[in-house]
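A, B, C and D are the chain letters, set down in written order, and residue numbers restart from 1 in every chain.
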């Protein structure tokens, strides 16, 4: 049974990740994990924070001489800006002049968080509800990705639409049609998408999207979008129809929907 | 912790349901559960099977004198057509002339099932992958519904679209706008939808949908659709942002996506 | 992942068992399960209830033509005395003259049960806390036993001591010493023990124990004891030291200690 | 739901602990946790390693200004001797002259570990199977202890016997008899035991035990023993008899038996 827990506040000392249940003798390196953390930080219009972060894992356990031991893996992703946050986030001493955040933002977990946890400072809530936690998941997920590679299973993704702007053609279908008899590897979709600042495959679409982002930014607005995730090499019979909580579609929906800001999941053509 | 397991083949002797973790002293009756099973069986174009079924639970445990005991509830939903299936579904003796199903249907779990479980008769797979299992879930779910009623929490649903035919107006938004200061109960949506053979609220939409179903039927085709589920009376702070697997959206997506034939879930405006 | 739930009151209509997660194509019969239920009911000084019971399963799902389907198995063990209990245990209607039990027994879950579940009749608690539930576990466990047989894994047990009376020699050690190079099967211990009314291997010990039981009975007292469970054919590497909740010893201790009346577990020489 | 995972090799960089599910606004400090880590390291005949360790947690998340946030807590317990182990335990680079351990010790998980995980160096197994992991559990457990204090629940323990040497009187029973009407706090047992190098309450017993340890040491042998754990202030109704896996006795047995070297658990008078 594979399982993981993450911990860590957005501006805390570090994110902590424990990943449990992977087999021994799986080759994995800090470089491999870091390369996926870097992919998370790329992209058009990324804020200053992303640049300060330049996330990297510190492997604390579970790996020796480049291979897993069967014991749980643990990682830290340090907050590179911690120096500037110690006073505000200290685990023990409260500096007198630390200001509290008191105005909840709409569309965030702010109000829910302070109500649920009976907190008097919205910072106590947003530090964990922040999407920064997804860095921890990328680290955990990259172990899973490494494991799946051993079986020839590959997962790739790209942005399908942003601000309502879709590509001219359905790139995925084309790819599949053209590669039905070749060994198409879903990861190639990610490699292609990574070349674009907004992770689309269609260059014409990219220009239109960036223009729309610029306009939205001026208006102090943001844009929604959608992404496609594809897996190749998947064997028949993953998941099960025998009990409601074993259905693969349901598990996938759970994982994807647990990502901050994701509000919809469709399988196949939905 | 509330949990449940279901068991039972589509044409087996009975569906079995064990529901564990509900508190004691909750009032619940066979009539209440059966009324929800009947709602599942209503609707335009329901086949012969649905009529034979006329599902009803037999309460086996967990309830005494109309109230839960705190111990697990268990139910049977008997197959009313069992007499005609004994030979084909006997748990022990194989009658020589029982025919095997050997042609897997597209879009079903047939091929996956016999591959995964190494079966030589597709019946062995479809008997459990069948949507008949959802009757067991309705029984389990009606205990949850009864429990939520005690807290003034109500869940209702209706069909939003079928075959691409949407209502003229967004009924839900209207309802919310008109009821913001009144006590709007989501269950009233279900009551309204139950009046329609295709569970839509808009009468004009209903006519168009039924016509489209008739056409599809002639062509041996089926139609997809979408439904809206609404919950009212929900307290602030259900679920949690503190760990990926506690997110309420993710849990909801998991549950909904585990229903046979559901291929997409959206939260809010998606 | 193998899991199971049981349900059912001691004098209710039936015990219900759902066993989930066993693979397909495992041969299993009602006779096999019933033979283990009968072993549970044997023994010296068994009360009238045991005789009325003569437990047998009704297989409701998960098995077809003598083999598992991969789908969950479900069983009923009917209460053969249900006729005489309908009025007192009806799930809906309360007959006026049903007497409540109001005096909690020491050493039982009576007081705890009615406090925990806020019940006004001790019967509502004892019906589930009763050791009758172990019949459901024997049914579930016999599926596991059948499964393990396929791998040559065998589990057997016998009574080591009763009322402080131990055998003259350590039977198990002898058996192991004498069989180190032969194929010793732990099940043979059970077969041997089943010949004795008090499930001991040593005949001399048996006589002493039965005499002690008779004396205790006269005084309205009961006797404690201990039993040895042995598994043979177990492969190296079950369980894991990598995380506290995966330790095999811990899992075994959990399972054994969850049996009513068991108050101690030792592994190896303890 | 409270849960935790630990990670870390015995001579790795650090032990990592994530504790999830505790409520917000619980007061907890590094000092509190460290005081329990120190108690783990005390005792007669503790080796050099224990002295090098002088374990202390580094709080990484979940606590701000002395109170929990509701988000997961994470801790590191650094290996103070890491400098001397980097080469042998590096997660990436294998120094040529790192010696492999090839002789498995009896009574340890050595052989099992390398078989289960297909390892070619016993070090890869013993680094996780080592009892050093219990330091991580003490850190996790001290959060639970802090939480229980808020409800007046207290847990204490002492060594009952070592090398077969028991106290003259049953200290616990005396304590209970003398304190039945007073507020007896189980923690006072630990305070009393902590005064003894071998954690016994009876001074006469202590002398005899230390003499026996000295003799065993000369012979290159070790001694087994037993300890008593007592909880006071526990409310009625923890755990449940409604399902096998909810029984409090079973949960306790699981936790205790998961501690390295524990081979038996008894509840009450066993």
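Everything below uses one rule, namely that a residue touches a chain if its C-beta (ideal position, glycine included) is under 8 Å from a C-beta of that chain, and two chains touch if they have at least 3 such contacts.
A quick note: this is a predicted structure, and the numbers were derived from the prediction, not measured.
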Maximum centroid distance from subunit B, chain identifier (CA atoms): D
Chain pair with the higher count of C-beta pairs in contact (A-C, A-D): A-D
Euclidean distance of C-alpha centroids - subunit A vs subunit D, Å: 36
Distance between chain centroids, defined by C-alpha means - subunit A, subunit B (Å): 32
CA centroid of subunit A to CA centroid of subunit C, Å: 47
Multi-chain contact sites of subunit C, meaning residues that touch two or more partners: 5-6, 20, 70-72, 116, 128, 240, 242-243
Subunit A residues within the subunit C interface of the complex: 1, 20, 70-72, 240, 242-243
Subunit A-touching residues of subunit D, taken from the complex the two chains share: 3-9, 12-16, 18, 20, 23-25, 29-30, 59-66, 69-74, 76, 89-94, 113, 116-119, 124-125, 127-128
Residues of subunit A that touch subunit B when the two form their complex: 5-6, 109, 111-113, 115-116, 128-129, 133, 137, 236-237, 240-245, 247, 249-258, 262-270
